[in-house]
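Submitted below is the structure of interest, expressed as structure tokens.
To keep things simple, chains are lettered A, B, C and D as they appear, and every chain counts its residues starting from 1.
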Amino acid sequence: MNFMSDTAAPAHPAILEAMVAAATGPAPSYGNDPWTKAARDTLCKVFETDLDIWLVSSGTAANALGLSILCPSHGGVLCHQDAHIQTDERGAPEFYTGGGKLILLPGKHARIDLAALKTRLDFNDPDFVHETPVHALSLSNLTENGAAYRPFEIQERAALAREACLAVHLDGARLANALVSTGASPAEMTWRAGVDVLSFGATKNGAVGCEAIILFGAARKRLQELQIRAKRAGHMPPKMRFLGAQMSAYLKDGLWLDLARRANMSATTLAAALTSAGAKLTHPVDGNEVFAHLPPGAAERLQAAGAGFYPWPDGSHRFVTSWATEPEEIEAFAAALES
Amino acid sequence: MNFMSDTAAPAHPAILEAMVAAATGPAPSYGNDPWTKAARDTLCKVFETDLDIWLVSSGTAANALGLSILCPSHGGVLCHQDAHIQTDERGAPEFYTGGGKLILLPGKHARIDLAALKTRLDFNDPDFVHETPVHALSLSNLTENGAAYRPFEIQERAALAREACLAVHLDGARLANALVSTGASPAEMTWRAGVDVLSFGATKNGAVGCEAIILFGAARKRLQELQIRAKRAGHMPPKMRFLGAQMSAYLKDGLWLDLARRANMSATTLAAALTSAGAKLTHPVDGNEVFAHLPPGAAERLQAAGAGFYPWPDGSHRFVTSWATEPEEIEAFAAALES
Amino acid sequence: MNFMSDTAAPAHPAILEAMVAAATGPAPSYGNDPWTKAARDTLCKVFETDLDIWLVSSGTAANALGLSILCPSHGGVLCHQDAHIQTDERGAPEFYTGGGKLILLPGKHARIDLAALKTRLDFNDPDFVHETPVHALSLSNLTENGAAYRPFEIQERAALAREACLAVHLDGARLANALVSTGASPAEMTWRAGVDVLSFGATKNGAVGCEAIILFGAARKRLQELQIRAKRAGHMPPKMRFLGAQMSAYLKDGLWLDLARRANMSATTLAAALTSAGAKLTHPVDGNEVFAHLPPGAAERLQAAGAGFYPWPDGSHRFVTSWATEPEEIEAFAAALES
Amino acid sequence: MNFMSDTAAPAHPAILEAMVAAATGPAPSYGNDPWTKAARDTLCKVFETDLDIWLVSSGTAANALGLSILCPSHGGVLCHQDAHIQTDERGAPEFYTGGGKLILLPGKHARIDLAALKTRLDFNDPDFVHETPVHALSLSNLTENGAAYRPFEIQERAALAREACLAVHLDGARLANALVSTGASPAEMTWRAGVDVLSFGATKNGAVGCEAIILFGAARKRLQELQIRAKRAGHMPPKMRFLGAQMSAYLKDGLWLDLARRANMSATTLAAALTSAGAKLTHPVDGNEVFAHLPPGAAERLQAAGAGFYPWPDGSHRFVTSWATEPEEIEAFAAALES
């Protein structure tokens, strides 16, 4: 009954097996190995386009490195006021951009409000030396409130951004969960909707520690700079084959979508248990996260039964399921709620 | 016959097995898991002292993070002119310190010359605002030329540094190899000799990707700052248990020293083959690296036989063995040399 | 009729005369000259306490350097969402702190709302590694909307900050104007109210280009670091005597307060002209800035008459007077309004 | 008898008069004033080409800002090991570039050795991700040892740099002195010799505090970025007219060259007095600096007579003359030497 975070889950056996299988014989260092190349090839197929990648071991590194090639030190990045890059990465975007500024926007369920975005872009003036202009828009899907953007929602925000000469970054730490719940294809949700750089997460959905920074279209020209910045940040581990192996195993035979589907279903069941016990959901359950105001006594009963979860600043609580959540855990959870 | 680098080797089976074994059930994220705690406990025993650690996935990250808590943005770090932090890390120390300066010293076999160190420290003046004073001394053991410092050599350099109020960092990417060849204990070579912060490498000696930043003595007070800086740099991966598991397995039953011994022996044999074929060693072979001027035709013969190795800027060649080097490889190498 | 900004005004003759008088004979460089020492002595008297100073040539430099000794690269600074440091300095605080984060608070007339400040401080947790904790509070007096904080208003905000272990910075680009309108003494408005570091502006009020970063109390221990950071930023001009001479002349015989009084009176008269013509003031006129919604046609009439002023994002207009504003200008302005 | 530094001299009356004259009526802020425009126009004439400028108040700011548009955070700058940017600016280039690296070259009299430059450029590899490639070459004229490069010497170094795709920066803190002694024109010594960005000093030669960053040719495209970086660093003072006025007065009717000629002549006379007293010059006297090994007792006699000068790390002493040095000072100096 650990619903603290999907990062509390172990790694999926198939991914560890792939790492074990990769530990054979010498291989070129720093990403020039066959496993990393295979991961890129598979991602090209999954996303139905040519693309470039860099593999890193944490989502913070993926986001910050990705943003660092889109925003200069004297520029800014638009994001939601609850965005992970703003609230949970200890200033990593500022560190990697060399002092770039995050400019915050409101919006329900951590989806950036379209009108607010438009207003902010309208007075963006890269030629006015005194103010910091924005150079990129960063979206998260799943959002930090567990809601999904559908492809057209990404698209309308990305279109506004592009019109204002901004690049578009997508924090896809839980992209698989959003794809499963919206039924969108990876391509529809990303480059076809206008995304230039994607942080493609695998860690929260079964990997040991592996995220791909994916460059689409014109952003691919920034690959060398991305590698330079990764090297300089210590995110060019010599035995990168073990990141490549993780990513390939994650994608093989749709494992990633299966795992996300499992996590989402657990969340749906858990949300149903909560609402039937009188809790009030505060956000849509579009993935593997449930936010709810609990009825009196419920939090205490759950804790007493051994459930793990976080209180949220607004007085609600957050419950995160994962690929490893067992049906029995949800049942025990529901039972504890009812008791 | 791959002697390009010890990073070309795979990971040791025992280390991968430990990772597989760690993939069981939920665990706290970000280093609060039992595996990471066990790794720290074992390191305390191995180094015979209380210490604090942070685990990262690359040596560059270990060095740069370690230095970032010793040197402010307006300070400098003394190191050898061939130090890895100067020549092979794409400015990572400058990035992590926020613009700190590396001040270079000469010395044979990439050991910092004692007299040059003394001279430089003599006119270090932290109160002179116009010049950049040095705040730390960084040594590498093995050095970048494959030579080892013995404990007293570390000690005499560290003592000078300490007298001048500098902290001492040791880049121990190949510390195991230096310990095996000198017969020194981990404690003798590090904190007893005056080292404050150690980059303790495992990746080149069998890990998948794992290095411990170890804080000794007074430097332990900087643990929180180290964690903050690690977080901000994306070096706080959520499932840190898999780094902890690697480190524990690496240390278990002296595996790390066994692997280093094996690599060193391969280097010794390879060096003997080279000298008996007329090559001239340019540096002591105190670990798993051999630098040699080859007799005419030798490089070509070796390449034709399929051997991998790097030409070095001074006209010599570098050969690196690893725990995974097989006796047959050395034999084939010797045969190719003789032919 | 130039009401664009007080920086459009020339420098006051007495200040230029003092510079000319300082151009005599050799003097030590970098701030060790008698003029700079005299400026510090006079500031001690004016502020009724021992203090340390550093003189710079721009307000942005004063703010950014001042904040850089209060907030580490991995920390944050609380300020109003309309603060000059956030909206008009092109990321200077982020540059000087090495990537620190500005955390924005609301509040009427650009005064930080007390309740909002309290709420934000309540959940500030320096020990939570994932989020950026705030290390300093930055207030502006005059505020960016031309309003003044009275000493007790500074005090109640500073007290909350101090309780939460934050340092307090005051952007006093127009401090003289605030002192004149509130009747407060320099001491009451600053260190007695809890201010640690003050950007004490002279440029907008008659200097050629001179601002003092003033360190009070415990902050004085950071003087050396401040000098180091100033040097490194190119804000340690060799002939600093000419900054010292400006500051001394600015303070001599209360010139600074006379000039501010003059500017404030011009603003009062201008505001009266505006309201009698049907304009609606949007902020208190506590200094030399007037913000107003103009009646239809007024802006055009003023422009046609040659008046200079800026439209403001909220549909109002801003008018800034200075020590150099002539009564005839205000009369002509009023006449143009009425016509 | 102050030979400590040319920055100990006051400002020239004509320059202060120009500042006084500029203090008349309102003027646009931030460099859009007529004085700054006039300064640019005059510089175009003096350098016989179209160029762009940015005015700052210190040489460190000029150098660091100039380099920051030539070298990315992950790149390097080649300079002499005794270059001012390396030894006297407290890491300003590292700060402004965001962690760029200075790569040091040897050479007599602080002129970069041509062969050493060639060797270093030969193995510069911008595509090798692990090492820091150099992006710019920085020369100083006068050099830090008081020697001048003649135009062809600049040219041969710049040509090598350009071939290797480096930009060329010239630290001209004492350019006037070098022009006077070599007889070269400003154009010959700079853009015609391959210089892209020039730090054109006036402070050491009579200004209050004024240096122009001058962009030639293709570098002019970086003007906006230069302004952004200047703004962000607090080097966009609002009343820039007073910098513009300084620069115009400095250039008017050849004042700058007259002042440099005067300083150089004083140095020549002073050097003659030294050698006739048995001192041994350690560097050519191509400008207003004299370096000499003094005969026994001479330093003490000079100090006793009230002369100011600095001991130099190599056991010699440095004497700097300026436009304000009086013949009587040299005579008294010579007398003290002889006594």
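Here is the rule we use: a residue touches a chain if its C-beta (ideal position, glycine included) is under 8 Å from a C-beta of that chain, and two chains touch if they have at least 3 such contacts.
Here the structure is a predicted model, which is why all the values come from computation and not from measurement.
The greater number of contacting C-beta pairs, out of the two interfaces B-D and B-C, is seen for B-D.
Taking the mean of C-alpha positions as each chain's centre, the chain lying farthest from the centre of chain D is A. Per-chain CA centroids place chain C at a distance of 34 Å from chain D. With each centre defined as the average position of its C-alpha atoms, the distance from chain B to chain D rounds to 42 Å. In terms of their C-alpha centroids, the spacing between chain B and chain C amounts to 51 Å. Residues of chain B in contact with at least two other chains: 73-74, 89-91, 95, 98-99, 129-130, 228, 231-232, 236. If you check the complex, the residues on chain A that touch chain D are 30, 73-74, 98-99, 127, 129-130, 224, 227-229, 231-232, 236. Contact residues on chain B toward chain A in their complex (touch as defined above): 2, 4-5, 7-13, 16, 19-20, 22-29, 56-62, 64-65, 89-92, 95, 203-204, 208-209, 228, 231-239, 242, 308, 324.
Residue ranges of chain B in contact with chain D, taken from their complex: 73-74, 76, 87-91, 94-95, 97-102, 104, 123, 129-132, 313.
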